[in-house]
Amino acid sequence: MCRWMGWIGQPLLIEELLFKTDHGIVDQSMHSRLGAEPTNGDGFGLGWYGVGDGPGVYRSVAPAWGDPNLRDLAAHVASPLFLAHVRAAIGSPVQQTNCHPFREGRWLFVHNGFINGFRDLRRDMMLAMEPDRFADVEGSTDSEVVFGLALTFGLETDQLGALERTVGLVEALAARHGVESAVQASFGVSDGECLWAVRYATEGTPRSLFASEDADAVRRLHPGNERFEQLTKADRLIVSEPFSDLPGVWEEIPPSSAVTARPDGTLEQRPFVPVAP
Amino acid sequence: MCRWMGWIGQPLLIEELLFKTDHGIVDQSMHSRLGAEPTNGDGFGLGWYGVGDGPGVYRSVAPAWGDPNLRDLAAHVASPLFLAHVRAAIGSPVQQTNCHPFREGRWLFVHNGFINGFRDLRRDMMLAMEPDRFADVEGSTDSEVVFGLALTFGLETDQLGALERTVGLVEALAARHGVESAVQASFGVSDGECLWAVRYATEGTPRSLFASEDADAVRRLHPGNERFEQLTKADRLIVSEPFSDLPGVWEEIPPSSAVTARPDGTLEQRPFVPVAP
Amino acid sequence: MCRWMGWIGQPLLIEELLFKTDHGIVDQSMHSRLGAEPTNGDGFGLGWYGVGDGPGVYRSVAPAWGDPNLRDLAAHVASPLFLAHVRAAIGSPVQQTNCHPFREGRWLFVHNGFINGFRDLRRDMMLAMEPDRFADVEGSTDSEVVFGLALTFGLETDQLGALERTVGLVEALAARHGVESAVQASFGVSDGECLWAVRYATEGTPRSLFASEDADAVRRLHPGNERFEQLTKADRLIVSEPFSDLPGVWEEIPPSSAVTARPDGTLEQRPFVPVAP
Amino acid sequence: MCRWMGWIGQPLLIEELLFKTDHGIVDQSMHSRLGAEPTNGDGFGLGWYGVGDGPGVYRSVAPAWGDPNLRDLAAHVASPLFLAHVRAAIGSPVQQTNCHPFREGRWLFVHNGFINGFRDLRRDMMLAMEPDRFADVEGSTDSEVVFGLALTFGLETDQLGALERTVGLVEALAARHGVESAVQASFGVSDGECLWAVRYATEGTPRSLFASEDADAVRRLHPGNERFEQLTKADRLIVSEPFSDLPGVWEEIPPSSAVTARPDGTLEQRPFVPVAP
């Protein structure tokens, strides 16, 4: 079922959010409260921007709660923008290439949810990708193909538009195959500058998704944390599931909408409307 | 935390009990009901007797629920006596050498529970092992040392007595170190002929442990299963946690007691009384 | 570059050929002599027929030389027909789903070699598979797609013909894409009754492939092995690389030819001629 | 038999030395020239100083040559001081806790070589450790115990002296057990400020060990590398095996000697003389 989180703001030791936060994403790997299952133990991934060209990615098939390398990496890498994901496999193998985030150049992509009937739609979805991207598919998840489609449909220049066209295509293919409730998703995307997030389901309530209110809210969330005392208005968290139960700190992103978090701290929200091809 | 199960009886495809049973041990790796935590995802192990010398052992750090090799092995190996264990690590690393069952010659050993204050007792416990066994310790769990002590104290000729002396020693060392509630345990032991099980805690209620009532009970448990229609009175299951909620099928093994399941189907019960060295 | 071996004959403890043989396949994982590289450390697989429905498969990303589970499995499973494979990855990820053998129902498939320019041919090759098989591709190797094509082209009824049509198709696609020397291969296939092996390269010398001469030869190969003293004329080995340097024991399978090893010990050889679609 | 390398100097993207160097440590994981075996495929480790408290450590049981996480980590972490190690297991299990470097607080330790007869000496060696360090042993290698002994004997204040006392103790224990040629070693140690290296064998030629001559030498070693054009006299490499065959670049560290590389670029050499306890 998966859970993910994104940080954009001042450079932060990654462990501050992965391990030193009440009910952070690593805790959610074993004790998710809002997910379909409490356990997200089928691997995890971390993608971060910082030193070196493009994002670094660390993915493992170990459950996030028990991986000593993740703990060490998080304690020794600082980043102004990172995405973390814990996975609950629903059918596809537990392998690194099926772990999120997926990467292409400067771009990272995470997905919580699934393409219904993916086994029936997979071939048509992969055919709709640019042939060159087809050749680079390494794993067997729906999410990697969704990312390949989004790149095919212009993700690098029109992020939300590309995702609308991707979802529209998947829904059209699903209709052709008689598959209902095609898309269930929250998506996270970044190029190292901005962080985009989408909450959408073809039918029913989409996966949960929240944004932190503003720097003051985050500070209230971690009153004893000296680092967070330094928070500015440019800092923002987007998460599948709130890190704590403090009321008034998290803003739920409504179904069928998308947000863009920018480096200056602005958070733009707009409707997310799939576009049939 | 851990959960384990043992089978003794007619040769059975291992998958019948690992995968084709309602709430079997693999299901308990994600959804334990009676354990301290529902998740036992820090590796697993299977030890079986059959073809070849002594028991075969398959251990992995992957969660049992998602390991394709376990599924295949269980579907293609038949055995008249096997032990399976799913692990929830409490401090020690997730590595194959920390997975149960542990093996020595013909002997297999599983443990659900822990030695309280093991960090403080470890050195003295290891010193009490035969020096030659000390040299063969591969992992870092309390359970492996408990097994080494039991072998030192005569497990191969007096199974329950050796475990009573082991627990007595650990409790004595704990007292010397000011550690309370030293032992929390259910143990399973086999030599390929019999299956011994112990339920004991120095203080409080020990880990849960159940034995199947008799062949009729197991048949009632799986009414649609043709294989189980063939069950005889020589077949017996011992489990940390019942495979199903059917009333009247499982006999709880009382605290501070031990059972011996023999190939002829008899199940002897006796008190388990630690003996200080 | 990979190495593989197949056994057909009387039931044998798998370790006899994997571990107790001079320069067996596990030794070849570190010290291959005839391969393009001495090291085949990017995972391995074992597929065997015996107890349970269809073949069992054990695949791991660990190097074969150091995997304790493989050692144990081999020491405790007997089989009259099995295939083992050690992998040297050339580009595609080290993951279980990229390890051989691949399986479909009763069928196992191993491949030593590669499809040249696979990145360019992958999409067209996958499109030529039955759509239903496309949906089941789990990894990202050329070999898995070759197997899917062979199944599409009738492997289950005409084994060598299907492989000839598969290779013919790949060569035709390669020609269309301007790719030279398309196929470099030894293939091994089994349904649990017979063992088929192909040695072929579009251009140049194909990967090495040998068959054991006959039971007497195998006996001479292991003079001290009591088990092999029992060998009958129905026993046969097919290997990428001879297990020992004894002269007169191994028959090289010529380039562009195929063999069928039957349960009665016969070994039929015939030309292997790709058929363009 | 293992290979290691250490860097001290200006902050460097780790990949410059791990992946972008001719015959670097990752290449040595498959193609070692001076080691006892060409293959060092039983796991690896990287310890680095930089962001966060103390050193970060990444260890994996995968062969270094095929681990995508190592490649990514190396491409996105810069460090002024790091140690990398590739392992060839000789008996002990392939598990993360047996991979180097070992860490204690600010200290990192790597070892190439072995304690002869470790099975016989292990108990006495572990008993000679401070009891508190005994409790923290996680793996089963000789090297981890050597590190524990060195810490017991004052590594944190007298690095080379502590190692001399450790080796002296091991040789004394070996003599008592009738074990010959007790120690075969190159050691690497760091606290994030300096880098110490030892080359020693009780008998015969110790494992190879080299230091880079000076900045000019390193520049000559990588003529096309812009980053190395920036090298200063404070930069130093210590390696089990030269990265390239360029003559005049590497200084062999003599048997029974030790070096201290300081942040100012000085390299002090002195004899290494074990001290019996």
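Letters A, B, C and D mark the chains as written, and numbering starts fresh at 1 in each.
Here is the rule we use: a residue touches a chain if its C-beta (ideal position, glycine included) is under 8 Å from a C-beta of that chain, and two chains touch if they have at least 3 such contacts.
Being a predicted model, the structure only gives us computed values, none of them experimental.
> What chains do subunit B and subunit C have as common neighbours?
A chain counts here if it touches both subunit B and subunit C, which gives A, D.
> Is the number of contacting C-beta pairs greater for A-B or for A-D?
Ranking A-B and A-D by C-beta contacts puts A-D first.
> How many angstrom lie between the centres of subunit A and subunit D, each centre taken as the mean Cα position?
39
> Quick one: which residues in subunit C touch 2 or more of the other chains?
Correct list: 68, 93, 96.
> Within the complex, which stretch of subunit A touches subunit B?
It is residues 30, 38-39, 41-42, 61-63, 66, 68, 89, 93-94 of subunit A that touch subunit B.
> Name, in rising order, each residue of subunit A that touches subunit D in their complex.
Contacts found on subunit A: 13, 15, 48, 50-53, 55-60, 68-69, 72-73, 75-78, 96.
> Looking at the complex, which residues from subunit D come into contact with subunit B?
Its residues touching subunit B are 92-93, 95-97, 119-120, 122-123, 126-127, 131, 134-140.
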